[in-house]
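We call the chains A, B, C and D, going by the order they appear; numbering starts again at 1 in every chain.
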Amino acid sequence: MMTKYAVRTDLAVESKEKFEKDQVEIEGVVIHETYDRQRDIRTTVVSVESEKGARIMEKPRGHYITIEAPGLTQTEQSYHQEIAGELANHLQKIMGLDQRKRILVAGLGNMDITPDALGPAVVRHLVVNRHVIREYGADESGNSRVHEISTIIPGVMARTGMETLEILRGVVQETKPDMVVAVDALAARSTRRLNCTIQITDTGINPGSGVMNHRNRINRESLGVPVIAIGVPTVVDAATIVHDAVEHLLEALDEAEIEEFLAELIAPGLSSMFVTPKDVDETLKQLSMTISQGLNLAFSCV
Amino acid sequence: MMTKYAVRTDLAVESKEKFEKDQVEIEGVVIHETYDRQRDIRTTVVSVESEKGARIMEKPRGHYITIEAPGLTQTEQSYHQEIAGELANHLQKIMGLDQRKRILVAGLGNMDITPDALGPAVVRHLVVNRHVIREYGADESGNSRVHEISTIIPGVMARTGMETLEILRGVVQETKPDMVVAVDALAARSTRRLNCTIQITDTGINPGSGVMNHRNRINRESLGVPVIAIGVPTVVDAATIVHDAVEHLLEALDEAEIEEFLAELIAPGLSSMFVTPKDVDETLKQLSMTISQGLNLAFSCV
Amino acid sequence: MMTKYAVRTDLAVESKEKFEKDQVEIEGVVIHETYDRQRDIRTTVVSVESEKGARIMEKPRGHYITIEAPGLTQTEQSYHQEIAGELANHLQKIMGLDQRKRILVAGLGNMDITPDALGPAVVRHLVVNRHVIREYGADESGNSRVHEISTIIPGVMARTGMETLEILRGVVQETKPDMVVAVDALAARSTRRLNCTIQITDTGINPGSGVMNHRNRINRESLGVPVIAIGVPTVVDAATIVHDAVEHLLEALDEAEIEEFLAELIAPGLSSMFVTPKDVDETLKQLSMTISQGLNLAFSCV
Amino acid sequence: MMTKYAVRTDLAVESKEKFEKDQVEIEGVVIHETYDRQRDIRTTVVSVESEKGARIMEKPRGHYITIEAPGLTQTEQSYHQEIAGELANHLQKIMGLDQRKRILVAGLGNMDITPDALGPAVVRHLVVNRHVIREYGADESGNSRVHEISTIIPGVMARTGMETLEILRGVVQETKPDMVVAVDALAARSTRRLNCTIQITDTGINPGSGVMNHRNRINRESLGVPVIAIGVPTVVDAATIVHDAVEHLLEALDEAEIEEFLAELIAPGLSSMFVTPKDVDETLKQLSMTISQGLNLAFSCV
């Protein structure tokens, strides 16, 4: 339904909701949800276990952990630290960090466009030690119980002329990490989730577009090593806002009428517009620190 | 109609359009429009001449010059230079720059929020000479035929704890300029006008809010000297997008139903959201240079 | 001695040292020094009590508190917090913060030149409440036991065309604070003190130049309210480096020879050069946070 | 002589001067100098032709073109454009741009430390087209007569944990450019050359250190394709300033005394200090635009 104007979301938890609304159970998709009332943190694990489930969800097979924490848009520091701890716990499990690992963290996105700069901002605050370990050894440097961390900010294709995948593939082949972590800003369907939701997945990531362009997906298949993606929705497409607002209203219309309506009203101006909160600069500065802390914590001991 | 959810616009040219659509002629409002087809520049002068006109337009009495130039969102440098020249011409007339003037230019807005940083960005590229003229005299410094320029970036109230009006009033009383030029980012109603429309007015400006808060309006009455405001719409309220998209659709409903619809759908998430183009950072960097050039040109000789 | 090429320092503690080296006691200057060995913090209070002392020290009469803490150039967070506490203690005493005060904090300097951006950077992290108290009252806002804080970043004369003093005088007259705190970057004589020394004084400050230009000094006399200046040395003039390095070497020469040497070697290239550590961007980011914390702490209760 | 405290320079033209002063002719080094009096541009080509010459010059065999243009520190735009043209001419020759080439431009250095940010700043203004040509073909895209350009900002080892060479080697192997251009900030010996000298060489570059660390040199040998390096001196080591200032003075002393002097005075404070002009932020912003223009010009047609 409404395939042509399908609203975009990078969040598995939002794909899931679409079907819940229709009270459909999705074959091959297992959902596990917990809610920490005291801290107002909702954690949802969506496991897409079959190809059929993947087609319905429009998401590759694998695990999607979503941490929803409305307090993340506030400045309360102790709350941010708890979320960093929560993030670290999930990463240690999904990445198997009980074994010492060499990890390359890639900060995707355009650092000159505020809501797209999450990845680079996270990477800039990470503790990096690969060069020290390789110069002095893990033992001599007192680092024998930590993971070996390197980072890269590859930039976006419009600036580099190269696919993000090409750059990462070259760096992976040259420096041989055991795993890649890719951090990127995402698009959500609902403004309610902006800047207060963290998604962790072992299915990799499509840089930039959000278009289902499988060719350049950054994942185990394309890079040769496992890829964990960490994403935060920072924008909603402007067209999505309109779509969702009128959805109920449109129920009376048939599909042709709906398409006509959408084509006429949404198409011209909104295609390159996005919706974002007024304080996005400040919010993302803080949130990127929180995610950096989570990563530093996860990587700090085996 | 729809007063409770009246969409906000800082552009007189958009207030005007609202009435044209209803084919209403507005008493006390004179409109003069020219279109330069070759360069695709539309210039509209709206003169609000009576209190009645002001009430209807929801804009103070005075003149509103709007330059609409879609090419401003592109990078073509020669086009930007032409717009700078156009802007300079209008300023020389409305400011009476055939007489030597002492001018204080104020860059309003929050320089840390991209779409709100237009004012500070413009001011940073202005040629300033008040201190030179006061040290060496206008003649000795070879500046006898130029205006005396000073600038200030007052910051926003949430950061300073002071009304922008208080800061400007203090600086005006201490440094005695003949006029104030205030540059600020505006809110538009239509995404079509974002970052490619310049409004010049002699009615002053309300910093920040866009709320009709007359108490702190920066104008001749509050500052004691004439105030020219230069504004560029850089955002559209997210709620406005939805409102405009569904307007036609809503025509079948009665007012109560419409209000219910809007209250239900728009209110919760969208109030603090705005819509802005994906490349707003780059576009505003360039546009602020263009406006700076226009001001520098206008101020460069008597 | 060597008056023509007198090296510049904004630090009273360095003026003092010059005389100690010559084992001269300075009439009208009282010095009190304490050293906290455990935390490696040296605190020196220089009181210039007579006009004669002021002439010799080349510093106005008043009190100069210097906190020297080498650890400030490191990233150890708990250490930075202790220094913030130390700074808050000194401020509470010298500002008389046991009485509720209305305080305007001014961040002097050029935010686009890294080592000059300390003042603006400090001010950006302050908790500001004047606008809230004036809107809701101190009691209603739960703020009855805090000071009323406003801030301004006036910019530098080359950018504004106005003396910093003019801007502050206008804002003070309009908003009537009880005191002004001015934060600025300073020049030191020794690279050893860069970015790890904080000077607090009740004698005000000369923006920018460091030249003894009394006309535009920001102090109680020129502003009409007490002025506390907080400064951190972030640069050493390049000529000073050379001077200090060769000082011992020059002892064999007579004054004419020395002047010839200095005139020949230092003059041409170095006059517009300064010396600064390679990591000045990072160091100042952190240090400005520490000073902000100190101010926020000092202002947070009566 | 003075080997232990040998002052560092990345400029071949300064290595050359050292020997001219001693009126020594250097075997295996050919020098060609031209001076454009009208525009005050001095161009020096130093060709290091033998291993012996390389040892004496402490620079690898190859060609070093130096453009010295004092006007570059000024804001005169037409002058900057002429230098961009000059740079383009030299690049077209040394890179063989009469044949269509695939070129990867790497912006080396730390974008968060102003005088080290030249490389990243240059790369951000380049016109990039590799992705367009690969998607649409050179002919379809109307690009058949232009070179294929991609860019990367690899970051510094302290941030990435990887040698710059490792990152570039990976990207080169994956994307197969015909040549690499590396842009970086350099250290000079004299403040006179800061920010107004451009060195082009076909010998590659040592990222960061300036130490003669041949292992990680980025050149044809290590990358497998020709490497052209473009550098601008933006800092002088603080110790160098002192050394040069006292050089004449030291002539009377013997080598042991000199070493003692230098060890005592320079060592402690200055090792991590550099000298840079007060307006380095503004100057480098402009200079990086000029070099970008030169590169864009050189790459714009075959």
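Keep in mind that, in the parts below, a residue touches a chain if its C-beta (ideal position, glycine included) is under 8 Å from a C-beta of that chain, and two chains touch if they have at least 3 such contacts.
Since this is a predicted model, take the numbers as computed values, not measurements.
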Touch-network distance, subunit A to subunit C, counted in steps: 2
Chain centre separation (subunit A, subunit D; CA means) in Å: 39
Separation of mean Cα positions, subunit D and subunit C [Å, integer]: 37
Residues within subunit C bordering two or more other chains: 112
Pairwise touch network: line, ring, star, complete, or other: ring
Inter-chain touch pairs (all): A-B, A-D, B-C, C-D
Subunit C-facing residues of subunit D, complex: 112-114, 190-192, 238, 241-242, 245-246, 248-249, 261, 265-266, 268-270, 272-282
Complex contacts: residues of subunit A adjacent to subunit D: 112, 124, 128-132, 148-155, 157-163, 166-167, 169-175
